[in-house]
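Reviewing the structure listed below.
Naming follows writing order (A, B, C and D), and every chain is counted from residue 1.
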Amino acid sequence: MYSFKNDYSEGAHPEILNAIVTTNFEQCDGYGKDTYSSKAAEILKQKIKCDNIDIHFLVGGTQTNLTSISAFLRPYEAAISANTGHINTHETGAIEATGHKVISVDVHDGKLTTNHVQSVLDSHTDEHMVKPKLVYISNPTEIGTIYKKEELEALSVFCKEKNLLLFVDGARLGSALTSIENDLDLSDLGRLTDAFYIGGTKNGALFGEALVICNDLLKDDFRFHIKQKGALLAKGRLLGIQFLELFKKDLFFYLANHANDMAYRLDEGIRSLDYSFLIDSPTNQLFPIFPNKIINELSQKYSFMVWAKIDEDHSAIRLVTSWATRQDAVTAFIEDLQSLTTHEIQTLTI
Amino acid sequence: MYSFKNDYSEGAHPEILNAIVTTNFEQCDGYGKDTYSSKAAEILKQKIKCDNIDIHFLVGGTQTNLTSISAFLRPYEAAISANTGHINTHETGAIEATGHKVISVDVHDGKLTTNHVQSVLDSHTDEHMVKPKLVYISNPTEIGTIYKKEELEALSVFCKEKNLLLFVDGARLGSALTSIENDLDLSDLGRLTDAFYIGGTKNGALFGEALVICNDLLKDDFRFHIKQKGALLAKGRLLGIQFLELFKKDLFFYLANHANDMAYRLDEGIRSLDYSFLIDSPTNQLFPIFPNKIINELSQKYSFMVWAKIDEDHSAIRLVTSWATRQDAVTAFIEDLQSLTTHEIQTLTI
Amino acid sequence: MYSFKNDYSEGAHPEILNAIVTTNFEQCDGYGKDTYSSKAAEILKQKIKCDNIDIHFLVGGTQTNLTSISAFLRPYEAAISANTGHINTHETGAIEATGHKVISVDVHDGKLTTNHVQSVLDSHTDEHMVKPKLVYISNPTEIGTIYKKEELEALSVFCKEKNLLLFVDGARLGSALTSIENDLDLSDLGRLTDAFYIGGTKNGALFGEALVICNDLLKDDFRFHIKQKGALLAKGRLLGIQFLELFKKDLFFYLANHANDMAYRLDEGIRSLDYSFLIDSPTNQLFPIFPNKIINELSQKYSFMVWAKIDEDHSAIRLVTSWATRQDAVTAFIEDLQSLTTHEIQTLTI
Amino acid sequence: MYSFKNDYSEGAHPEILNAIVTTNFEQCDGYGKDTYSSKAAEILKQKIKCDNIDIHFLVGGTQTNLTSISAFLRPYEAAISANTGHINTHETGAIEATGHKVISVDVHDGKLTTNHVQSVLDSHTDEHMVKPKLVYISNPTEIGTIYKKEELEALSVFCKEKNLLLFVDGARLGSALTSIENDLDLSDLGRLTDAFYIGGTKNGALFGEALVICNDLLKDDFRFHIKQKGALLAKGRLLGIQFLELFKKDLFFYLANHANDMAYRLDEGIRSLDYSFLIDSPTNQLFPIFPNKIINELSQKYSFMVWAKIDEDHSAIRLVTSWATRQDAVTAFIEDLQSLTTHEIQTLTI
């Protein structure tokens, strides 16, 4: 059984593990005040090409979302999210648990535009309603699509104009930034957003998200928020060491690129067999539509998530590749699909 | 300037004021432990035809919603509401501020059905999502429609089956129960819901909502919740006295009936001039569609809310009647509308 | 049975009731946007001798505390309170329910000094602890003592120096400001605090607290907070009308003065019989110490709270006077006490 | 510079690291649904000698406290803690941020007794106050003392009788259970508490706390709480693998024993030089009192926390040993202390 179920099935890239092992007996200050964390933050500032940012390392994505968003908002302020947004659907109401409404906007491709945000502003007019304040987007989105520079710039300009905050969930940011369709880099994110984070968990680290706070008004006392949410890791060195490994030599981009490459091979193989997709994704999540019969057969050898029912006989599945996805597994999957497809056609034509 | 803007423009019915004045110098226990509150609760139990219920008097609707719903839910549980639901749109995120997500369902007539609820259950499958637990409906809805007995029974059966709580926001319950289309009574609400409340604020009291808790599991320690939310009125007698007046001789129903009657006269007059409505409402809120020109003219003499843009030249407005609406004001409004309509037609035909 | 149990046993002063009755059928805008509320705010600004303040009318004290304090603090910030502070003991954790720690300081007379606050600052040094931010004091305190101008000035200077907020719970402010020992007036409170409130509930209104926000930084969007906490009264006119009556001709001070006067007569009568007090209070709450036998006898004719056990045979009780306390009841109480005392002495000497 | 500052300065025990490395490329289910977590839970059930318990692995102590306590309490219920309790002082109000008051009780040795708890019950009598519900104790306490079996049994019986929950913070549980004064084992904790946790972070793991829920009423839907608090680790395998290593062969106890052993050597060395201690601790935290001059000298070569000022010339410091403390460092510290002491005496006698 080979898993295409998600991008956190394996542990960490060997170089990261090796760094953890090598430094194991050094005595470090706790709670992120170690030198590895400082160095990792310094390198990230160089990559983002900005010194005037604060960097905090947290353990996971939901944790980073809830800690940041609750820190950035006053009690009556709300976050705006695409209906597919992770905070809206897959965090067990973590944002609401900190007291804030998530205003959901129905979109087709997982992406918010200035029009979407404007429509939310139009319908929130006085103190009887929450005040929309933070625009939450994920790049890539939860369905694999990405924001082009032009789109992010438009959102950024709009948010500044309307006194809104722009926050980017980058749990899979590596996959977005190394996508063939991407034209953004880390410095664009630093320049265009109020805060964003760089996901390690889904790109080769054991765990870890690097939160980047760009807006000066959001920086004060942020460590109090981290501690209060139970998110201040005692052995913070672990986060510093991992991000140092990921960024000291572009391992982060190398790993993300591998994940995308594996996805593109899957994509190509599936298309060559004339299957269609629920949505076109240029990143490491694919949503092909197969006959249920074939899905059943595939599930004997591969694990993946059945994403959506298309009709009585067809469903979309989600295939996720990662830094650790083996090329032979991709090849085997395509061969199996091909053989199942041929068999199906023969069965139908008999 | 006469106001059709809402049903809380005037003070209270004179009999209620009179009771407050008459009892003014009696010394009563505070915080709802007075005899008036006890008597009012007793009478309500008779009206609801159930002894095994707990009754608490609170000051306002948002307060009652947030106190109840946060008391009834565990931290990860969510409320399901129509998109038009008051808790979803007009309470500044009060429910979320207590930590709970409001799951919004798009509906056309303000009403939730079992199908709507089932669709929410279908999309909430594991611990990565909130757990839908409480079905919040308003009767009448925020756009004036009402639930028929059959519909409420269906929801009640469904909720019991699925281990969900059924909660009815009755801020305007009087108007629903005296509507020409209504076939429910207070005992039905006691029998079919886990909790509901009877609105006084919008039906002739200075303020006050009577919360009825029917489900035994929701009763314990409820006064702790009221106090914690700042909702335990020191001079609780004021709530007891008012509900006693409202229910000792059916003043409550008499007042609601008047509000509906005034609405029906408005409705009839408007229809007789061939105007249409955004939605058909059998209660004290009407949503007629007029040309913007006429709306501007009307707004010189009447205050009301412009509810929705229909097209470039037309909008829907909201007209609300109440226990205090004067019949001569209704007549005048219709006459003015007629004259503006005639003028408009003449202008157009010239 | 005559009650000295609290200062909210009766309804409202007749002039207030009369104003509510007289204006009953005027149509007013809801939610505090009526002209009575505006006028009341204007008059209060004159009394406070400051134009640059925001005034909001809320229904009750716990509600005002929780709405204000949660609005003024960021999530990791805490309030400092005397151990006897209302928010610390008698609000069912209302402040904590909004997410904030109340740091309690043990004091003997209910009053916080700069030394107390400094000791809290000394023990809160980094992001592993809450950040003390708001100094909560009550004037009079929960045990009847009051702050002198010198003391409030010292706290005010200290708070500004340390970047702390000074907040005064004035649920019984009238009694403090009309105390024989008082040297503060409303303008001092406006000048020395960041926010305070003027209690109506315990001084002749049906209900109502006037919150005064002095610090510009705390003013923005405050109505959002009020609405979110369920504290925005639909018929806000009721608050405006009441505070207008209380302050248009100094009724507020007249009523508080009466309450104090009744307390002083009680105090004098009790002292003349050689009883001592748990604490000396110059306001409308008294804490005399009596033999339990006498307390039992008194409780046949008067209701009051048994406050604290002193020894096996003695307890302190709490007697509260109010705007409505009748002088004949005070006289009767003293006479009864005298007679019980004489009897007790005779019994003992036999 | 050698650190006695805390017990999380180094990484993890090599066997733990080795297990992480060895299993790195296995594909595992995420979020704690992997086989390592299952196996670790099974082994813990054997050690606790109870099958009817639920085990959840979380990342850190504050996270475990806030997730558990907020899950176990209804909104108006409070936790009782010693004034020195971690939740009361060192978690930035994490419990309050979930809405619950922490009732602090002043104690001298860090330990709560039934008398302490009874005094809290006595002063919390109605719905105007929070309802004390959960007794929070730490074993060892934050100042190194431990609970004897008799004491824990008394608390357990008392809590059951009063319908309270007993919760044990075991962030340093290893050190308590291997203390020379200890007479408790894991099965006692399972038998006597409603929930407790076993700390890995401070006893040789990279991170990780194993929460054990013993009371059936607290078990339902607990994973929803974990997810909502951002505490559900994507690569949950890391927690399973670490606890498997710690408990499959008693490594956990071996490491804790080493920490205690190092502490005892320090303790003995310090006592032999006639220094006294702020409190007697039989675990891995020591609080010796030294002249400030000597503290300054020691701080040139060793890092530690200055804990409390004793008088003008003396302070107590905190020395913490761990699974990784080197015996040569302990020896060196004692030698340095001896030499400084001799020098000091000579200086004084000259």
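Observations on the structure shown:
Keep in mind that, in the parts below, a residue touches a chain if its C-beta (ideal position, glycine included) is under 8 Å from a C-beta of that chain, and two chains touch if they have at least 3 such contacts.
Since the model is a prediction, treat every value here as computed from it, not as a measurement.
Counting C-beta pairs in contact, the pair that comes out ahead of the other among A-D and A-C is A-D.
Put simply, the chain farthest from subunit C by mean CA position is A. Annotation: 35 Å between the Cα-based centres of subunit A and subunit D.
A straight line joining the Cα centres of subunit A and subunit C is 52 Å long. Each of the following residues of subunit B touches two or more other chains: 75-76, 91-93, 97-99, 127-128, 130, 224, 227-228, 232.
Of all residues in subunit A, those touching subunit D in their complex are 2-3, 5-6, 8-12, 14, 17, 20-21, 23-30, 59-67, 91-94, 97, 201-202, 206-207, 224, 227-235, 237-238, 324. Contact residues on subunit B toward subunit A in their complex (touch as defined above): 75-76, 78, 89-93, 96-102, 104, 127-130.
If you check the complex, the residues on subunit C that touch subunit A are 31, 70-71, 74-76, 98-99, 127-128, 130-131, 221, 223-228, 232.
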